[in-house]
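Pasting the structures here.
Here chain A shows up in two complexes: once beside chain B, once beside chain C.
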Partner chain A sequence: MELRISVTELARTVSLAQGVVQRKNTMPILSHVLLDAQVDDAGNGRLQLTATDLDVGVKASRPCEVVTPGAVTIPAKALADMVRVLPGPDVVLKRLPNQHVEVKSGRTKARLMALSADEFPTLPAYESAHFVPMDKALLVDMVDKTLYAASLDETRPNLNGVFFEPPAQPDGPLTMVATDGHRLVRVERTFAGAHTFRLKGPVILPRKGLNELKRVLDGSDGDNAVELGFHGDNAVARKGNTLLGMRLVEGRFPDYRQVIPRLADKVVRLSRQDLMESLRRVSVLAQDKLQAVKVTLGRDQLVVSCTNVEMGEISDDVPVEYAGAGLDVAFNARYLVDALASLDDKNVLLKVTDNLSPGLLVGVDEPRHLCVVMPMRL
Partner chain B sequence: MSVIVGQDRVVAALTKAVQSRRLAHGLLFLGPDSVGREATARALARGLLCDRRGASAVVPFGCGVCRGCRRVEGGSHPDVHIVMSDAEAVARGLAQPEGKKKPSVEIRIDAIREICRQLPQRPYEGRTRIVIVLDAHRMNEHAQNALLKGLEEPGEAENMLVLVAPGARAVLPTIASRCQRLAFSPLTADAVRTILRHKGVADADARAARPGVHSVAAALADEEGDDDAVSRLVIGITLRQTNDALGDRLQLAADLSRDRATVLALLGQAELRLGAALRARIVLGDATAGLGADAHGLDEVSALEGIAAARADLAGNGIVQLVVERLLLGAPPSILAGRRR
Partner chain C sequence: MSTSSPPPPERPRSKPWERAIVHVDMDAFYASVEQRDRPALAGKPVIVGGDSRRGVVSTASYEARRFGVKSAMATTVAKRLCPHAVFVPPRMSRYVEVSKQVMAILGRFSPTVEPLSLDEAFLDVTGTDALFGSPVELCWRIQRAIKDEVHLSCSVGAAANKFVAKVASDMKKPHGIVIVSPGEEQAFLAPLPIERLWGVGPKTGERLRALGFATIADLAAADVLALQRRLGGLGAHLHALAHGRDDRPVDDDNERKSLGAERTLEHDIRGAGLVRRQLIPLVDEVSSGLRRAGMRAGGVRLKLKYADFHRTSREHALAEPAQDSASLLATLDQLLPRVDLERPIRLVGLAATHLQPADAPRQASLFAAPQTSRSESLGRALDAIHAKHGKGAITRGEVRDGDRLDRGNEHRAPGLFDDDDDDDR
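On to the complex of A and B.
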């Protein structure tokens, strides 16, 4: 294999692989990237880079000048570190006998230890997924609004991701839900083609894969188009010449509909910013882990307070519109802040029933994005 | 391609199971260290993932030359998961020790959870996933219970679990009962010589090798040098239920309490001889009188049980001399009950 490519182009391509390659050392080959240089029928050379940790995989293809077609497997970190500092403007990668790769750029010449390309795992055929075009901003927004609530607890793998349910009807919304058992968020969005994913049922997208997706999309320039599709037990996103695949999480997602309170009769209308600031002030005295704060409702009044036996107490008054009965209910301040931060509206509604039922946060003008937070015992 | 030497019974059983498509989904490879349990587990993985599997010539251990086989051998096949303790991984150069902390000799629950997370998924390349747990007895109780969950819910995916352990009692009974057991025998001197020749060690060097240098060579050196010791050990063990020659046996225990590796090697040889004697007795038809003591008071079954218990005690870091004394002198059941954990 021998190819010539611009240093900046190679650096950008290799950086796509960096989040994917494994840091754990269970299988040495997974800390490598596969570089495959081929010439197509029209005589154009292409470099395809492949990296995977077996859960998430990325394939990126870039035009380059191919001298000799072939493939090689190079340690990802060494390659990335080196490419970043090469003088440029071009770099030549050439496979030498004895599994070495020569990297030549300007007056710099290096030799990297490589592995046989053949040892690299065969990735699923991401390109044969059935793709549905989506708006990049919409997809990133839906991921941003849900991913933070996904569980980090590895003993509950079915919560380590975001539930993804396309609509059955053409005009129905795509639903994404995430929960960690203490809070839950549901986002619904309608777009053309949302019903054409050809899935047999809802799926769970893995947390790590979605983080990578965000990274790839945030780092991409150009138009606002992205495609999302499914192939076997993989979800695949395509952006230009880059394919990102992730293995779906196995298992059943809990029936989230049961968690969303329907009969919350106490509705408080307030400014999102005001409540967020109050919570931040009050949680200064909250205990590190539990972050418990008390919310006291009265007529047109909401008081956030916290008593810490070792340090003292604090309370903060938030101007609200409320006409219902009085109530004391405790929440984890961090969960409320996370939820408020993810809402877009200036004014939000806080809906509660009693001090043992979940609280609901929803924007005044945006009922398709709602956050549920379980209360704490007072 | 690594070869399996001196385990004809295990190889025959696996061949038959693969041919008749009746390979159990959980296998327990039992036997002393360095007799080919791990090599057999890897070879079986090769056979299941061989690109030419199905051809009778490559059953059960694969062709060894296709891409599938080479990746299993090279440790880069995405569907072969080898679980071992951090200490073992560091010793094999597969991991770097974290800071100054001594790597754990236990297999922790995190590693098992990670495996259990993957079990319900389809194998990466769609054929079979093979999970090999080396030194399964190094799993702590929590890890074993976590694994049990994976064993019980195999899901729709094709999973195959191979546990490598010194004895069935070294893992939780709930795990052992869900696996098919395959007992590996200690290696004969000839088998050891064959292995060393494969590894390019000359016979003379093999004899000079000492315990700790290479466990297989150590076994050979002791087998050849201590033929007499093996005989004394066999006689001593068979007398354990009696009051004969107590002084000799105590002296033998003192003589043998040199080091763990030597005693383990001697136990292997004694086990081979007793096993052969027992088989001979069954073939010769003497078994009509049951498998109890024969006319001369020899009871191979009880002796073999004694050896298995001694091996377990040594693996559990028992004091060598005490273990050997217990093996040679026997112990009243009440003391046994107290000492068993």
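On to the complex of A and C.
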């Protein structure tokens, strides 16, 4: 194998692999990227880069000058570190005998240890997925609004991702839900083709895969188009000549509908910014991990307060519109701040029932984005 | 090395005590408590332990030890060796109570006390000579305070580190005091068999002996790199201990990290249903322990020992910190499918982990079973019944006595759901 490609282009391509390759060194081959240089029937050379940790995989194809077709497997980190500092403008990658790859750029010449391309695992046929075109900004927004709430607790794998449920009807919304068992967020968005994913039922998109999806989409330029599809037990996103696949999370997502409060009788209207700032001030005195703060409701009054037996106390008045009964309820301040930060409206509604039932945060004009937060018991 | 009681004049020290660590080990603790509480037993061979077929000796009094009775020995064997011994079922709550008194006494000698179990503890007494005198004098004071106040005997070892102090306390049992001064560690340890080293069980001992190491001196003389090649990380560890080096601090983090219960079964069992049924009383026991300790568990750990003595354990987080049986059981049910229940099992155990005070704020769970608070009230009610009428006065329908294969423990009192022929099983 021998190919010539611009250093900038190679650097951008290799960076796609960096989040995917396995950091833990359980299987050495998984810390490598597969580079495959081929010439198509029209005589155009292409470099295809493949990286995977067996759960998430990325395949990116870029035009290049192919001197000799062939494939090789190089350590991802070494390659990424190197291309970042190569003088350019072009780099030549050439496989040498004895499993080495020569890297030449400007006056720089290096040799990297490689592994045989035959050892690299075969990825699922991501390209055969049935793809549905989506708006990139919409997809990124839905992921941003949900992913933060997914659980990091590996003993609860079914919560380590985002629930994804396309509508049955053409005019219905795509629903995405995430929860860590303490708070939950549900986002619904309607778009043309939302009902055409051809899924048998809802699925759970893995957290790591969605993080990579954001990287791929954030780093992509050009139009606002992206495609999302499913193939076997994989979800696949396609952006230009890059394919990102992720193995769906197995297991059942909890019945999120039952925990979304419907009949909360205490509805407070307030400025999103005001509450967020109060929470940030008050949580200065909150205990590190649990971040417990008290929310006290009174007529047209909401007081956020925190008492720390070792340090002291703090309280903050938030201007609100409220005509309901008084209530004391404690929350993890971070959960409220996360939820408020993810909402878009200037004004939001806080809906609560009592100090043991879930509270709800929702934008005044955007009922399709709900944040549910379970109180703390003091 | 010097031994004493009461304190002799001390020899001039060759090296300063950079750290002074004391290990206090109660002598035949459970048996001594029984002899103290029941004067009729004083001076007689007393064996504390279960008396079922599978039961083992928990503690034997020194009178019984003279006949060769040892801890962890099958009670059947103990009976053969010492047929006239008085067999007493263990009263754990009593030992816990007495242990607390002992630990309180130790707390007067140092703020840094690390209880290892109910009957032994480390104290870091570095720099206390102005208060309590030399190490010998300090050990003697500790021994006398425990004797005077709780009427129990203990053995005390002092050295510059934990390992040597622990070996020292065991050298002159019962009621001994052994001081190993700094610089004397290696000479003190040299003649002892390698099994005295922490980390050397019967298996490693056998292996070391096969390699030609019989005494600690043999190991100390060995080349550390050669040991590492043969034993890996353990090699370096043992080499350091053999030289009397051990820099672990006395860990006075008195927060309990877990609270557990386990049971050796009279017959090996297998199958999810049977294993679960054996665990249910332990769930109740742990739940009751949590209430007593005023703690909630953040996780549950399941422990199994198979008939071939292989062990396995699995841990799972609770949806929300809890102390009630229903929550613990729900988590246990998530653990059971993750272990092999088809191999014969001889011991089941359960521990509540990630403990936090019951009155600490806790994040409620969106998906937790709503009946948690009812389950908590039920637990408290059961505690009250047990306190008034004795343990076993009320048991779960799921664990009728006929299902229980273990015996000789506190669940033996007749229960509401017992069959009539209780004694024939």
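We take it that the second predicted complex is superposed on the first by the 378 of 378 C-alpha atoms of A that agree within 3 Å, B and C clash if a C-alpha of one lies under 4 Å from a C-alpha of the other, contacts with A are read in each partner's own complex, and residues count from 1 in each chain.
Following the convention adopted for this analysis, a residue touches a chain if its C-beta (ideal position, glycine included) is under 8 Å from a C-beta of that chain, and two chains touch if they have at least 3 such contacts.
Quick caveat: nothing in here was measured; it's all calculated off a predicted structure.
Q: Putting chain B and chain C on the same copy of chain A, do they fit or clash?
A: Clash: chain B and chain C overlap once superposed on chain A.
Q: Now for A:Glu250: first (chain B), second (chain C), both, or neither, which partner does it touch?
A: It touches chain B, and chain C stays clear.
Q: A:Thr155 in the overlay: touching chain B, chain C, both, or neither? Say first, second, both or neither.
A: both
Q: Regarding the shared-chain residue A:Ala114, is it in contact with chain B (first), chain C (second), both, or neither?
A: neither
Q: Regarding the shared-chain residue A:Asn332, is it in contact with chain B (first), chain C (second), both, or neither?
A: Second partner only.
Q: Of the two partner chains, chain B (first) and chain C (second), which one does A:Ala80 touch, if any: first, second, both, or neither?
A: neither
Q: Touching A:Met27 in the superposition: chain B (first), chain C (second), both, neither?
A: After superposition on chain A, A:Met27 lies in contact with chain B alone.
Q: A:Leu350 in the overlay: touching chain B, chain C, both, or neither? Say first, second, both or neither.
A: In the superposition, A:Leu350 contacts neither chain B nor chain C.
Q: In the overlay, answer first, second, both or neither for which of chain B and chain C A:Val140 touches.
A: neither
Q: Using the superposition on chain A as set up above, list the residues of chain A that contact both chain B and chain C.
A: 155
Q: Quick check: in the complex, which residue numbers of chain B touch chain A?
A: Within the complex, chain B contacts chain A at residues 67, 70-71, 74-78, 81, 89, 94-96, 110, 113-114, 117, 120-122, 124-125, 155.
Q: Given the complex with chain C, which residues does chain A contribute to the contact?
A: Result: residues 153, 155-156, 179, 181-184, 254, 259, 287, 290, 292, 330, 332, 356, 358, 372, 374-378 of chain A touch chain C.
Q: For chain C, which residues are in contact with chain A within the complex?
A: 316-317, 319, 360-367
Q: In their shared complex, at which residues does chain A touch chain B?
A: 25-29, 54, 115, 118-122, 154-155, 157, 232-233, 247, 250-251
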